[in-house]
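Across the two complexes that follow, chain A remains constant while its partner is chain B and subsequently chain C.
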Partner chain A sequence: MAARIGQHTIRLTHPPCVIAHAGLAGKKEKDGPLGAAFDKTFDDVTFGVPSWEEAEQTLLRTAMELAAKKADLPLSKLDLILAGDLQNQCTASSFAFAGSGVPFCGLYGACSTMALSLSVASLLLDCGACSTAAAATGSHFCTAERQFRKPLEYGGQRTPTAQWTVTGAGAAILAATGKKTDPRITHVHFGTITDLGITDAANMGAAMAPAAAKTIGDFLRDTGTAPQDYDLILTGDLGFVGSELLLELLRRDGLNLAGVHSDTATAGV
Partner chain B sequence: MPISPAEYAAMAKQYAPPSTLGKDCLKAFLCGGAICTLAQLLLEGLLKAGVAADTGRLIVMLALIALTAVLTATGVFDKLAKHAGAGTAVPITGFANAVVAPALESKNEGFVLGTAAQMFSIAGPVIVFGCSSAALYGLIYFIITKAGA
Partner chain C sequence: MAARIGQHTIRLTHPPCVIAHAGLAGKKEKDGPLGAAFDKTFDDVTFGVPSWEEAEQTLLRTAMELAAKKADLPLSKLDLILAGDLQNQCTASSFAFAGSGVPFCGLYGACSTMALSLSVASLLLDCGACSTAAAATGSHFCTAERQFRKPLEYGGQRTPTAQWTVTGAGAAILAATGKKTDPRITHVHFGTITDLGITDAANMGAAMAPAAAKTIGDFLRDTGTAPQDYDLILTGDLGFVGSELLLELLRRDGLNLAGVHSDTATAGV
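Now for the complex of A and B:
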């Protein structure tokens, strides 16, 4: 059974294994710093379907099928799929896994959906509610623009801090037991909502950095560990501006993440 | 050490790269100027061909709207506007693009509830404030001219 340590951290007694994972992305991501890390990238992000929403579903479904194939597990054998995306009512993931015959738990955490789905899946595996579960998330630049910003053909200018929503999907298959070399999820920490009042929607890095700093700080305090105890401390979506701010905020908190921290934009640290 | 929102706002500003204001202004000036020159040339041509000034101005506006609609639909306008900024947004081209872009985007939500309903999602405020201020100034003008008479 999972046990709470410190104030907000949960230590898993039976840490589940990530037995397989898959990552797919579009053309812009292929040209980015993580380009070589994806299983597959697509130059044509329409996927030959009539709408962007459907393209995102295709991307999610394909990522999940690839992960299941790598795990050598038929998709129908999964106990639960935990997934989410950025569309209204998580339509992309709902439709992506509608025909799978596997129970589905839709989650919404926006930029944090992957961590959220992995966390919830780990807790369910730890307590024995599932023996295999999949965690997944996806987004498509063209659906996110419509959902949160302006129509694609609208002629506007981006500010220097504006970020670009990923066209891609990731899926991980988790199991209660696995190979010795499989990565395991040992702790789960749900962050507290932290808002330092950034209202510029085109500066998401600055808006999210305080929450990331609080989560990392709280986790390190709860576990009694130091940044240097880890090979890598990863964040996603903070970008260059958000990463700088994260390091600065933690430095003020007496924590030095330099050389240990990496973000999507600063991959390869 | 807790940090106040004001302190953090200053810190975020310090880390954010600034806009290239000089370059942006120059590009906006050149593109906006080019659009206006094109419109003026068209008007001069129409006037030379014997079209009345009022009709000529109307034709020029319609031509710019039509051109913008075509460039928006073919995916050219947003690429141009990325550089031009206010240069394409301030002339009537900006307004035309703001109507055509959401209309195209909402096509797969249906003709009535998609295209027609979403068409003014960006341009709507401009129309609301444009019509309201026109009515207000019209009223002021009416009162002044009545009082003067």
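Now for the complex of A and C:
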């Protein structure tokens, strides 16, 4: 059984373990500050398939196969795959896992899909609905540009606030029990949609910062914890502009994340 | 705690109640066999807003507000909204519920989104992660035609196998406890992606029938039940062609759904 604490946070009674995970990425990510952390990076992100959309499927499928291999678990033995992506109708994840024979739960959280899939997976493990589950997401710079901004062939100029959608995929295998050293998910907090009206597709950091601020603030209040109780408070896609706005918004709330917050888009920079 | 039975079915230990629900639809649906079952139907499906996409948001929001009203529960008191739709990036549901202040879990199951949202909501209620949750989905014929086939303005011809995506929205409020007469969700079964390679967007019944057959067959095997143990086995969007294929596929598996199966797209026809 899970228990609700505060207004919206859920504490897991039997925190599930992340027994294995895999992260794959492209060339730009290899050259970035997290480059050494990926299991594998690829200079050719076409993966020899005819479209960027299929390349994204390949990345997702390969990440999942690698995570399952690390968990020493045949993919087909998983109780559930929870995944989503940025393509219309989440086609990347449904095609990536169509041949797996594993029950599938499609999720849509855009940049939050990895957190969302880990969250729902953890709750289903906590309550005994699954004994193993996989959480996954992926994106590809070239599909995301066509999808959300302009097709690459158009050669549009990028503004200083524009971010690069990652070419990469991540998969985590969760189990009800694991090794003592496996990381465990202890709390889940579903965020509330927070939209301050930013409509510039080239400034997603500003669009997302208010939601990140609300989620982190709500979580800290619900759990009665302070930023300094954590080694790291990580956001996914805020970039330079969004990270600055996040810290500013939280300061107004009396929360100081300086020194504790890191954003994957700017980590180590 | 939930318990897994058979290969992929989950039996809920504390089956949650559907304490209220609302269904809204357009003119074509009003004239159909389920017309009298909707809470409200609308002859003008523009809802006075500038785009079909916004009209779909309005439908979804109105359905949710009506369901909450019937449950005698302020929307803001819900622990979680689980919803998805057919628009890119599930924009209809995220915009519909952006002002609600309620935590949001986005799901993508296309035609299965209502079942998917009810399923995940039920599991989260069963495990105590929520005490109330709403499951919702919506679609609009005019957004779906533009999204998946051709913009209406193009005036394309429809083939005999083409279905009409419903203009409508449904919302259900679930709670851990309810009245004795409230329907309860007792089992959840996440389907496995089943793709026999139908690529004709004007024949979705044929594309979806194999997945429906596998889900129903797997569920019956897992639970050790027969079609005749049920008053009704309902599918959502198979239409005439898909329904016939579903029965044919299940007959090959030794399962006879004749007289028990009904499809919402052809109900009563």
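We take it that the second predicted complex is superposed on the first by the 267 of 269 C-alpha atoms of A that agree within 3 Å, B and C clash if a C-alpha of one lies under 4 Å from a C-alpha of the other, contacts with A are read in each partner's own complex, and residues count from 1 in each chain.
Just so it is clear, a contact is a pair of C-beta atoms (placed from the backbone, for glycine too) under 8 Å apart; a residue touches a chain by one contact, two chains touch by 3 or more.
Quick caveat: nothing in here was measured; it's all calculated off a predicted structure.
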Inset, instruction - Identify the partner contact of A:L220: answer first if only chain B is touched, second if only chain C is, both if each is, neither if none is. - result: neither
Inset, instruction - Using the touch definition from the top, say if A:M1 reaches chain B (first), chain C (second), both or neither. - result: second
Inset, instruction - Report for A:A98: first if it touches chain B alone, second if chain C alone, otherwise both or neither. - result: second
Inset, instruction - Going by the touch definition up top, name the partner, chain B or chain C, that contacts more of chain A. - result: C
Inset, instruction - In the overlay, answer first, second, both or neither for which of chain B and chain C A:G128 touches. - result: second
Inset, instruction - Report for A:L196: first if it touches chain B alone, second if chain C alone, otherwise both or neither. - result: first
Legend entry - chain B versus chain C as contact partner of A:A136, first or second or both or neither: neither
Legend entry - Those residues of chain A which chain B touches in one complex and chain C touches in the other: none
Inset, instruction - Flag every residue of chain A that touches chain B in the complex, lowest number first. - result: 50-51, 53, 146, 150-161, 196-198, 203, 206, 210, 241, 244-245, 248-249, 252-253
Legend entry - Residues on chain B engaged by chain A in the complex (per definition of touch): 1, 3, 5, 8-9, 11-12, 15-19, 24, 72-73, 75, 77-78, 80-82, 84-85, 88-89, 94, 97-98, 100-102, 104-106, 108, 122
Legend entry - chain C - residues contacting chain A, complex: 1-4, 8, 10, 79-80, 84, 86, 88-90, 94, 97-98, 100-110, 116, 120, 123-124, 126-131, 147, 188-193, 195
